[in-house]
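Letters A, B, C and D mark the chains as written, and numbering starts fresh at 1 in each.
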Amino acid sequence: MSPTNYLLLSALLFTVGAIGVLVRRNAIVVFMCIELMLNAVNLSLVTFARMNGQLDGQVMAFFVMVVAAAEVVVGLAIIMSIFRTRRSSSVDDANLLKY
Amino acid sequence: MNTAVMNTAPDTGGNVMLLVLLLLPLLGALLMYPLRTNVPAAKAVAMATALLEFVLVVVTWVGYSTDAASSGERFQYVFSVPWIPAFGTHLAFGIDGIALVLIALTAFLVPGLMLFAWAEKLPEGRTASGYFALLLATQATLMGVFTATDVFLFYVFFEAMLIPMYFLIGRFGGPNRQYASVKFFLYSLLGGLIMLASLIGLYVTSADQLGAGTFTWSDLQSIAQSTPTSTQIWLFLGFFVAFAIKAPLVPFHTWLPDAGAEAPIVAAVLLVGVLDKVGTYGFLRYCLPLFPQASQILAPLVLVLAVIGIIYGALLAVGQKDMSRFVAYTSIAHFGFIALGTFAFSSQAFAGATLYMVNHGLSTGMLFVMVGLLVARGGSRLTRDYGGVSKLAPLLAGCLLLAGMSSLALPGTNSFVSEFLVLVGSFPREPVATIIATVGIIFAALYILWFYQQTMQGPVRGNAVIRALEAGGVGGPGAMIDPAVAAERGSGFPDLTRREIGVLAPLIVVIVVLGFFPGPVLDVVNPSVQSTITEVGLPDPVPAGGVVGGVR
Amino acid sequence: MIALAQVAPLTAPPIDYAAIAPLLVVLGGACVSVLFEAFLPRHQRWPAQVALSVLVVAVAGIALGVYAGTAPAAGIVTLATALSVDGPTLFLWGTLLVLGFGSLLLIADRSVEPGGAFLASAVERASVAAAPGTTSGPTGVDPEHVDRSYGAPGEAPTMQTEVFPFVLFALGGMMAFVAANDLLTMFVALEVLSLPLYLVCGLARRRRLLSQEAAVKYFLLGAFASAFFLYGLALLYGYAGSVKLVAIATAAVGTPKSDALLFGGLALLVVGLLFKGSVGPFHTWTPDVYQGAPTPITAFMAACTKVAAFGALLRVLHVAFGSTHWEWRGVMWVVAIASMAIGAVLGLTQTDLKRMIAYSSVAHAGFLLLGVMAITPEGVSSTLFYLLAYGFTTLAVFGVISLVRNADGEATHLSQWAGLAKRSPILAGVMTFLLLGLAGIPLTSGFTAKFAVFSAALGDGMAPLVVIALVFSAVAAFFYLRVIVLMYFSETPEDGPTVTVPGAFTTVAVTLGVVVTLLLGVVPTLVLGWAGAGGLTG
Amino acid sequence: MTAPPEVLPATGAASVAWLLFAIPAVSALVLFLAGKRANAWGHVLGVGSVLASFLLGVVIFVQALGVAPDQRTTELSLYSWISSGTLNVDFGLRIDPLSLTFVLLITGVGSLIHIYSVGYMAPHASGHGADADAHAEPSSDSSRRRFFAQLNLFVAAMLVLVLGNNFVLLYLGWEGVGLASYLLIGFYQDRPSAATAAKKAFLMNRVGDVGLALAIFLIWLNLGTLQYTEVFARIGELSGGTILAITLLLLLGACGKSGQFPLQSWLPDAMEGPTPVSALIHAATMVTAGVYLIARTNPIYDLTPTGRVVVALIGVVTLLIGAIIGCAYDDIKKVLAYSTVSQIGYMILAVGLGPAGYALGIFHLLTHGFFKAGLFLGAGSVMHAMNDDVNMRNFGGLGRKMPITFVTFGLGYLALIGFPFLSGYFSKDAIIEAAFGQEGWQGWVYGITATLAAGLTAFYMTRLMIMTFFGEERWRNLKAPDGEDYHPHESSPVMTGPMIVLAIGSVFAGFVLSAVGLNQWLAPSLGELQESPDGALPHALVPWLVLACSALGVLVAYLVVGRRPTPVQRPEPVSFPVQAARRDLYANAFNETVIERPGIWLTRALVFLDNRGVDGLVNGLAAGLGGGSARLRRLQTGFVRSYALSMLGGSVFVVAALLAVRFA
């Protein structure tokens, strides 16, 4: 099965993630969608590694996972803090700053 | 002749005179800050600075050699040190006759203006020291803009000029000052920025032609002829917009009436009398020599604007209700004449235009001062609030009439010489434009006499006058006032005081003397004008005593 | 590199420690300061952290200076070609360090806001802040915060010192970001600089909700953007078989692979970077975050983040995509114009000073793009110079803003600045000068920088864009002017804000900014020399 | 024409000719600056200065008589006035018979009128005010000082005008006298009518000045010089078209200054000024500057017959208009004013006849200077006696009350209507002869109109005489405009003296001047006077014809006015011709409808355009930006998801665009 399909899949996942960011209100879910985008990228990285016959891509995927983990830590901390003050995790409630 | 070779300044300094002229007022302005609480001392220091500056300028004038100028030395008092090598800019100063007369005008006006502002009532919370500091700062930037021989440096002063003037209008101006000052600043800034584009273009062009980019005027002039015409046109347009806004030419003029009307009188005089001259000066010093072909190709455009300005400004002046706006519009008409002379490419027209810059500064300056004196007495800027003043204050009326006569270029006043030179010099190349412009002198008479009749002649009338008189305990509405009686009863509308006479006397003397003996100024201007002609590369249209056209 | 990996898989690559010393110092210092947070007693933390961070920046600066003295003009590539330490890198490092130093001073100042601008813990004030109606209004000032004595034990807990390690990490990340020679390093650096910033945005003592909201927005959008960056990375990897900028450049010249990968990758990559540089239309986070974040942090972001983002953008576009610039320049034109237009036009009607400066930074990002787009040595040097000049000016501006306060913290609403000149001529004068600098009036660094960038652009055949840029800078000048008009020409409102006497730190920072703004306007030669010292090496 | 005599440097008294105008100028300056201090002796200085320059003029004149005619044209270059590039204008004087003649006229008549003014402008003279000052500002010393200052200024300017040796200097004097006339017409500053009249005069003069200026430009463009001698020497090189253009433009200037058609309507209004001013400026000297201009530039006019025809026609039209309107007015000064218009018409006609007429024009100019000045002074004396009333319907029978005035005025009247062997007879008839002397239609047209006008002149002057000095004393049962009774009385000697002198002049000037050979004297400047051939009508007949015509005019006047009592109220309505004449043949109406009103509308329109249009555009742009900004910032909704959307949109655009650029 040609690796191109994996690329298409990853593109699809990336798009799904992006759309999710746009449509979902819950901060956590939005954040998860971003994670989805990152993992979509991982998929394509690995695929490219395969196509290029290298390991670099796979190594990069690991890098990305680590970074993503770090992002989760920070992100959850922030979302928690705002949840505590507002008792709500909807991103649409946080719109005092505008215009 | 290649002026660049002989004029490229040594990068090892040179004559520091101009540097002093630039820094002295700046120093004075800075001194105002420690003195901000001690107003009398501040005034004294400011006046001393202005007078010293004037003396120095006189010295400079005396030291300026017309022979050297006519023997092709483009600039004198040359000073130049490298500034930003990366941009090829220099701190380069130098004056030719054209610049000299303009700095002389500036240095001549400022002390008088300070005397005028001596007892001026400022808006609450504003100190005279700040006022005088801004005046001096303006003077410094003007000195810089006229003496710079590096285009980049010129631009720097061109923009820097705005700031003190902006504060003068905005802090010390009339009721509508915020609008006026911001409009003035943005309008000029826009023009300046468009010019900046051309400036950069000029730099890039010079880099292409000379290897290394430069801003030295002489070098740029030396490559002017070899610059492709298309490039020249673009660069010219950039400069043109800036100068047309500054001058201002119709239709870029609408900021001037607002600024001129809202600005305090002294600022208005500096603004209209000198600062706007930077535009016309720019045409003469930068547009023509640096873009000769473009100037010739686009001259018709400018001439049309100029001629429109002459008629349009005059008619609008008649239609004004506000005295300051009236003066501003007359200036727009006058700038039309200057622009006409500048783009007629003959030594008479150039000399006339240059002289016109000076004379307009004097006559319009005096007109503004007269308006200021009226407002100081009546407290209103509207023309219809005044009438029959000549019965109450004959001296004032006389001075106003003289200023007006100078403004309508009556022979025997300074302006006639310049206007005559402009017209006679423009006629050979631009007969049509000149004829229309000549018709413009009728309108000039119209608006001046109309204004004089409104305010000075006829029976004593007008709210402002009556109010002042009643305040002074004389007469009632429409009362016939006997000046003598009014005087002894302490009229609320007094004639000129000694201080005011002191402000006006020098102006009057210069206006009349230059009318009969323009020689000294013309001698200084002519050589530089000749060089400009050479740089433009057009021969004089009318050779000496030579029959040119219409020969049988 | 591939070859190298196969031949000698076990030999560690050579490392030029001297070259990367500044980076190491900063990152190391960050770790140390984390340890401080962990082990020092509270009342000692503040002085210790301040001392440490200042020391770290100083040492890094010295290291940089020492190396720069001996550095090869061509620049070197080290750490297995992960980092490229060349002229621009050194310049940017220097810029980042100085700006970082300034920001640290602002952050460290406890005299302006009693006890410093940062809250002990997000939780502590939750209840207060959550109370209705207190969102942007006053959130209670506890009496113990009123006294201004330094380091007193009773006061220690009020100052949140974890901001220091965060800032140091961010700084390190930025330094790595601008030096990164391959996309992966760049990505990691991007995260290293972003994550701490997300956090510190939420640490404001006042206006908790705004601060947290800013943090959330910044975080979500930032993560979103880095996802794009990463996808672009992936595509480019697929195209070039490597993420090294040079490799991409060589691949772009001759590769059978479809250019779709190349340009798709480029586009996504650039989007990620433009986001960081707050270039319109990827600027949307900027106003909100600038307004919500604690002012010192805003200063840090406005100054340093821009430097980092454009440094990286410069490297990517010049090293990796210099050869193909005819394809992407058109698009970048549109982006630049959009950014200038958005910044200039939207800035006109802003009523909050911090938001206004945010839009100004968007406009400036547009101007910067002109320099970045010019694939010439002048393009590089002018951009570098612009970054330095802009960084200092904007840093000082925020420093000044932090001084104008009323009962409930900083008075950033424009109306509150009316007639300020009467109460504090000095401050008004400083602000005026800085604003004129932002407007690009001659004799300020802003003008020199604009001139450099625009002449580079014009020299590379972008005359129309230059004219457009100049028109927009005229438009932008209006809102700077508005502030000046307010300060000088308007009458003071009754309950006008007071101007706090700045503490030593803020004073130093603002002075630094003003002096640099002036010097770069009058005698920029030296700095211009540095900026033009060497080209980019991949 | 004869070859122009060579020009010699001025010697002897002529070498200080600049004092001629310097003295009055300095005196004017002193009077202006000295302020109230000079009130006591101001008028003395004023009179003295003019007398001084008159004496100097006489000396120079005598000196000139001493040398051969071809030695009489001298020049005196003072300094280089305006010099730029190839243009060089000297402040130089040309002292030749023509200019000397004018110098004598100006300073001579000027002195007399100055003396007269001492009495006329005297503060609070004879009970009630000496003049309109009475009910305006009280005629104070300072106002008299101001008057003399301005009068001196005028004399100085006028002398510069006639003495200058180049066109620019001429222009200087030209506008200088304009200014003086403006100041003096508007002397009674609180009379709005005076101010308006002054403005009108200045503006209409400016219209003429434009012509003069353009002529100067044209000359310089073609010859590269503006000095008379050089211009006249080389004018022949130019094409006919150019010369014609120059002459017509010069004529426009002349029309403005001399109140010739179509610019005549300012002159009658100028009577708002004090009467001495009307006498000196608007009768004797300034208004004749146009004649001087054409005479001075005779070498140019010699070359263009067409141009001369235009000149002559203008003259003819004007002299007819003036005479017709003169018949209809009741205002004594207005009648005299229109008489002036018509008389100058004669002069213009004369100089329009070319070599056959230049000298005659000057001749008539001189005699007219005498009798018209005398008439005005007489009128002033009458007004002085009649509380400044000018309406002749309120006069009558004054001859008995003020004999001297009556006699002097009468002599002037006789001279004007060309009573045999009085000065008018010589000068006017000569012109009419020359007019008939033209061949073809010109002769008939010029001649007959001139003769007809002579008749009309006789009519309106007789009417004036009768209404003023004869008949019943209508003023007895009337109140003066200022509400007082009339107390007619003879004026003081200081006023009657000059009147007598002028009367003598008007009697003998004509005879003397023709006897001593004015024409030969002027020949060096104007060329030999060519005796015109018997063109249309033999010269023998002309005097009789004119005489008959004038007699008829007198007779008609006597029948219409003298025989029946003059109604105090102006009869209304009257036949159309009279109505038209009373309305200045609708000249003012024309100006008003064609120039003034449209001008006002245009101004208003432009002001609107400037505020709403030009400035509106600027402000509109600003407002547009602001509005756009206010709308756009709404897009910054504060919802993080919409931000994300915009980012995504941006990214999609960038990707799409890049790919498009690459693959399309």
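Following the convention adopted for this analysis, a residue touches a chain if its C-beta (ideal position, glycine included) is under 8 Å from a C-beta of that chain, and two chains touch if they have at least 3 such contacts.
Here the structure is a predicted model, which is why all the values come from computation and not from measurement.
Among the inter-chain contacts, the highest number of C-beta pairs connects B-D. Averaging Cα coordinates per chain and for the whole protein, the chain whose average falls nearest the overall one is B.
The geometric centre of chain A is 25 Å away from that of chain C, both derived from CA atoms. Separating the centre of chain A from that of chain B, both taken as means of CA atoms, is a distance of 66 Å.
Between the Cα centres of chain A and chain D there is a gap of 96 Å. We define each chain's centre as the mean of its Cα atoms; on that basis chain B and chain D are separated by 36 Å.
Touching two or more other chains at once are residues 633, 636, 638, 640, 644 of chain D. Those residues of chain C in touch with two or more other chains are numbered 216-217, 220, 224, 287-288.
Shared interface positions of chain A, defined as residues touching 2 or more other chains, are 18, 21, 30, 91, 94-98. Chain pairs recorded as touching, per the definition above, are A-C, A-D, B-C, B-D, C-D.
Looking at the complex, you find that chain A touches chain D at residues 18, 21-23, 25, 30, 91-92, 94-99.
Listed in rising order, the residues of chain C touching chain D in the complex are 216-217, 220-221, 224-225, 228, 259-260, 263-264, 266-268, 270-271, 275, 281-282, 284-285, 287-288, 327-328, 330-331, 334-335, 342, 345-350, 475.
Residue ranges on chain D touching chain A, taken from their complex, read 633-634, 636-641, 644-645, 648. Within the complex formed with chain C, the residues of chain B that make contact are 83-87, 125, 155-157, 159-160, 162-163, 167, 170-171, 177-178, 181-182, 185-186, 189-190, 193-194, 196-197, 200-201, 203-204, 207, 213, 234. The touching residues of chain B, counted against chain D in their complex, run 183, 187, 250-251, 253-255, 312, 315-316, 318-320, 346-348, 351-352, 388, 390-391, 394-395, 398, 405, 410-412, 416-417, 420-421, 423-425, 427-428, 434-435, 438-439, 441-442, 445-446, 449-450, 453, 456-460, 480, 482-484, 516-519, 522, 525-526, 529-530, 540-552.
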